[in-house]
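The following blocks contain the structures, represented as structure tokens.
Okay, so subunit A shows up in both of these, paired with subunit B first and subunit C after.
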Partner chain A sequence: MNTRFLALELRRAVRNGRYLIFTVVVPAVMFLLFVNLYGGGEGTFPNGLPVTTSLMMNMALFGVMAGPLSIGARIAVERGLGWQRQLRLTPLTGSGYLLTKGALGMLVGLPGILLVCVIGAFEGVRMDAAHWIGVLATLWLGAIPFVLLGIVIGLVATPDGMQAITGLASMLFGLLGGIWIPADVAPDWLATIMKALPTFWVKQLTQAPFVSGVNVGEALLVITLWVVGLSVIAARRYRVQS
Partner chain B sequence: MFDDLLFVLHDRGGMAIVEVRELGKRYGPRVAVDSVSFEVAEGEIFGILGPNGAGKTTTVECVAGLRKPDRGSVSVLGRAPGDVRSAIGVQLQASELPERIRVGEALSLFSSFYPSPADWSSRLGLSGHLKAEFGQLSGGLKQRLSIALALIGSPRVAILDELTTGLDPQARRDTWSVIEEVRSAGVTILLVTHFMEEAERLCDRVAVFRDGRIAALDTPSGLVSRVDGATRVRFVPSASLDVALLQALPEVTEVSSVGSQLVVSGSENLLHAVTSLLARKQIVARQLRVDQVSLDDAYVELTGGSRAEDH
Partner chain C sequence: MTQTAVRAGAAVALSGLRKRFGEVRAVDGIDLVISPGEVVALLGPNGAGKSTTVDMLLALSTPDGGEISVFGTSPREAVVAGRISAMLQSGALLDDATVAEAVGLVAALHREPMPVEQALRQAGIADLAGRKCTKLSGGQKQRVRFALALVCDPDLLVLDEPTVAMDVETRRAFWQQMRAYTDTDTGRTVLFATHYLDEAEEYADRVVLMRSGRIVADGSVAQVRAAVSGRTLRAVVPGAADLALPGVRSAERRGDQITLTCTDSDAAVRALLARYPHAHDIEITALGLEDAFLALTGEDDR
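Let's turn to the complex of A and B:
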């Protein structure tokens, strides 16, 4: 992979104020808002998870989803400009291009997760070091399907349609994925849909060490299917456009 | 093995560096390129002229390896364009960089793609703008940046598509001297253009495209000489002159008179033929004027008067 390309992409992402707001600030602000709304403190949800911990995980997951989605979708804008065509004319390979965009999406998801978790620690989330590392790692690796989803949207959407599609995807995967409402309270048909989405299972994996009854195998299976499926679509789309 | 092949090609000098054979490409039902064949010799500036939709851009995109031809073949340095990507530098029509990317960043990024990058930034007058973002650059500077990016991999062949469209006359002239400098560095250039003046000034040979085919392929002056009555001589003879004598000259195609003035049309050597005749008859040509058909006129004739829809 071309590190100079990645470094430049990162600098461009940071230079873009909108990215910083949506992927770093918004999840943190939402988290603070919800903690105060629910009273935070000592409360626990029926599944035994402290309210503050649960909200922290959900909002970090929101950041994991929003950042990579928006970064991947910018590919649509670059396609519209002809920038991607120019890059294709260089010896940069298709896999080099896609891997760099993927790595960018992963790096872009990280600050949001860290900020939400740091705020969480201040708001009274307590767990041992191993669990902290586990939660952070799970959230971060959980970004992979969303990074790929962002890339696919970027390769499929037009520059004009990109915002609408990203917004829709964010709603779909966030709302139906169980970030905003728990699957337990959803009717059966809705729960079935929710359990087909990667968001739900990343959330399950993050909670796994603290609650009982998480089907880790099923979680990994569903997430892997999404990752493989989206990778294939991204690779195909990129090749077809050449 | 390919190194040997390249050596042989290179050694023979003047050999075709780009070969296009019966190229055809359609987009759905629309035929973009019908059947196009040409060769470009090493070190040449090869012009591609024609109205919009004549197949110019599609053709150079096939040469650049950006599109796959439906029919025919394209080879660059004797190989498929996709296999010699770093030997081809391309500046694409209407290609923009992201707004917020800086000139220096774009140059640095592109130089990371090639084993031995060439820095054209100072020769192209970009050194003072390295920190500027693409979105802030003037049209001329944007074009210079895109040339610098096209040349950064030290290509053997550079494809420049409508390089000077949208530039003011001064920036256009500056760009021309840049292209001449690029050629003198040994780079073969395919130049797609709308401007006759540009083709006349820069190109060794010009292919005029029309409806997905090449309507004519010649040097700029060769194209001009194809037009009947390419040269026109007007004068007022000092004594009466038998028009039949003029018409008998092989160089003359047409003679007419406007008042006392004679207007003689004919081929390139017309002036010499007419003045020799007048000298023999001891007649002086007063108010002598010579008009040459321009490449512009030749172009209009070759493209069937489609100049009007071309902008």
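Let's turn to the complex of A and C:
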């Protein structure tokens, strides 16, 4: 991959005000809001996870979704502008373009996760270093399906339809993925849908070291299926367009 | 020299090139060889197949048949090597980048780009480096596209209707820049598609005329004009009866005023004066490229 190109793309992405607000500021502010709403402090959820820790993970996960989706939105705009055509007059290959956008999606997801976790530490989340690293790594790697989802949306949507589709995806994967409500309180049919989404399983993996009964194998299977499926769609879609 | 020998050193060699979109034969068997250093205008009305040809040359689309070679390699290899580059007709610019950033992004992708400042300077927009791409006039945007095409330092520059959105003033300035670019660096090959005849006449060494996916004329501006049989002879000849003269293809008479369309106007004028010594007000004019253009592209059989 062309690192200089990636660096320039990263600068463009990060400079975008909307990016900063939605992927870095909003998750952090939501986290603070919820912690104060729930009283934070000593409370624990029925599964044994402290309220603050759980909220921290959920809001970081929210950021993990938002960053990559914003990169996907840029793809739709670049397609609409005809910039992709311009890039095809360079040595950049189609897979190079998608890889760069993928790497970009992974990078822009990182600040949001870090900020929420730093705030978490200040708000009293306590775990040992290995667990911190595990939580951060799981959240970050958990961005992969959303990076791919962002790319697929970017390749499918028109620049005009982008806003709506991103918003919808964000709602769908967030709400039904169990970021805002736990699957335990959902009726069976809803819980089934929730368990088909990557969001739910990334959340499960993040919690795995702290609660019992997480099916890690199933989690990895569902996430892998999403990753493979979205990759195939992205590759097909890109080939059709070029 | 054999045909293959010519092709081996050619900047562009197309043979039997074909591309169809559904029922439409957009490009219908084109043979064309362009030598390094030539400035060639690809001329033709809308729908003649100019853009389709250019797209295939740039590896933006694949031909249905025939062969393309750019400096002896495939179009994509030439693009990757930075030997061919293009200013696209509708190539839009990033809405969230400055001029220098946009050019820098493209430069970062090429293997041996020229410095971004140099590309901006050669395109005449050094002063716009820090300007957002959204805050540019139409002519300035074209110059940014020009800089994007220059930054890989190509040997062959393809311009697809470069001045289509420009006013007269901007067009002239653009071509001045263009000429300065080709003059300072000999050996640069330029192929530009246009439907402005005056641009072809003024800036091209050679004109390739397309119609309905085929090349209908190819040569210097003078040759293409001559292809439509050269010159028109007008004279006042009282009492002229027989106008079947050598070198005349067709004759027209209105009163004493005659108009002869000549294949060889020298022979025609000699014969005319020999037969009608009192002929006067003789006027011989070359057909303009426009006449040639109309003659060659007008008889549309669609």
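In this section, the second predicted complex is superposed on the first by the 242 of 242 C-alpha atoms of A that agree within 3 Å, B and C clash if a C-alpha of one lies under 4 Å from a C-alpha of the other, contacts with A are read in each partner's own complex, and residues count from 1 in each chain.
The rule we apply is simple: a residue touches a chain if its C-beta (ideal position, glycine included) is under 8 Å from a C-beta of that chain, and two chains touch if they have at least 3 such contacts.
What you see is a predicted model, and the numbers here were worked out from it, not measured in a lab.
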item: Three-chain arrangement built on subunit A, subunit B and subunit C clash or fit; value: clash
item: Touched partner set for A:181, first subunit B, second subunit C, both or neither; value: neither
item: Subunit B versus subunit C as contact partner of A:141, first or second or both or neither; value: neither
item: Partner chain in contact with A:2 - subunit B first, subunit C second, else both or neither; value: both
item: Set intersection of subunit A contacts, subunit C complex versus subunit B complex; value: 2, 4-5, 8, 11-12, 15-16, 77-78, 81-83, 85-86, 88-92
item: Partner subunit C, residues of subunit A touching it in the complex; value: 2, 4-5, 8-9, 11-12, 15-16, 77-78, 81-83, 85-92
item: Contact set on subunit B toward subunit A in their complex; value: 64-66, 85-86, 88, 90, 92, 94-98, 100-101, 105, 108-110, 112-114, 149, 153
item: Footprint of subunit B on subunit A - complex, ascending; value: 2, 4-5, 8, 11-12, 15-16, 77-78, 81-83, 85-86, 88-92, 242
item: Complex contact set, residues of subunit C against subunit A; value: 58-60, 79-80, 82, 85-86, 88, 90-97, 101, 104-106, 108-111, 148-149, 152
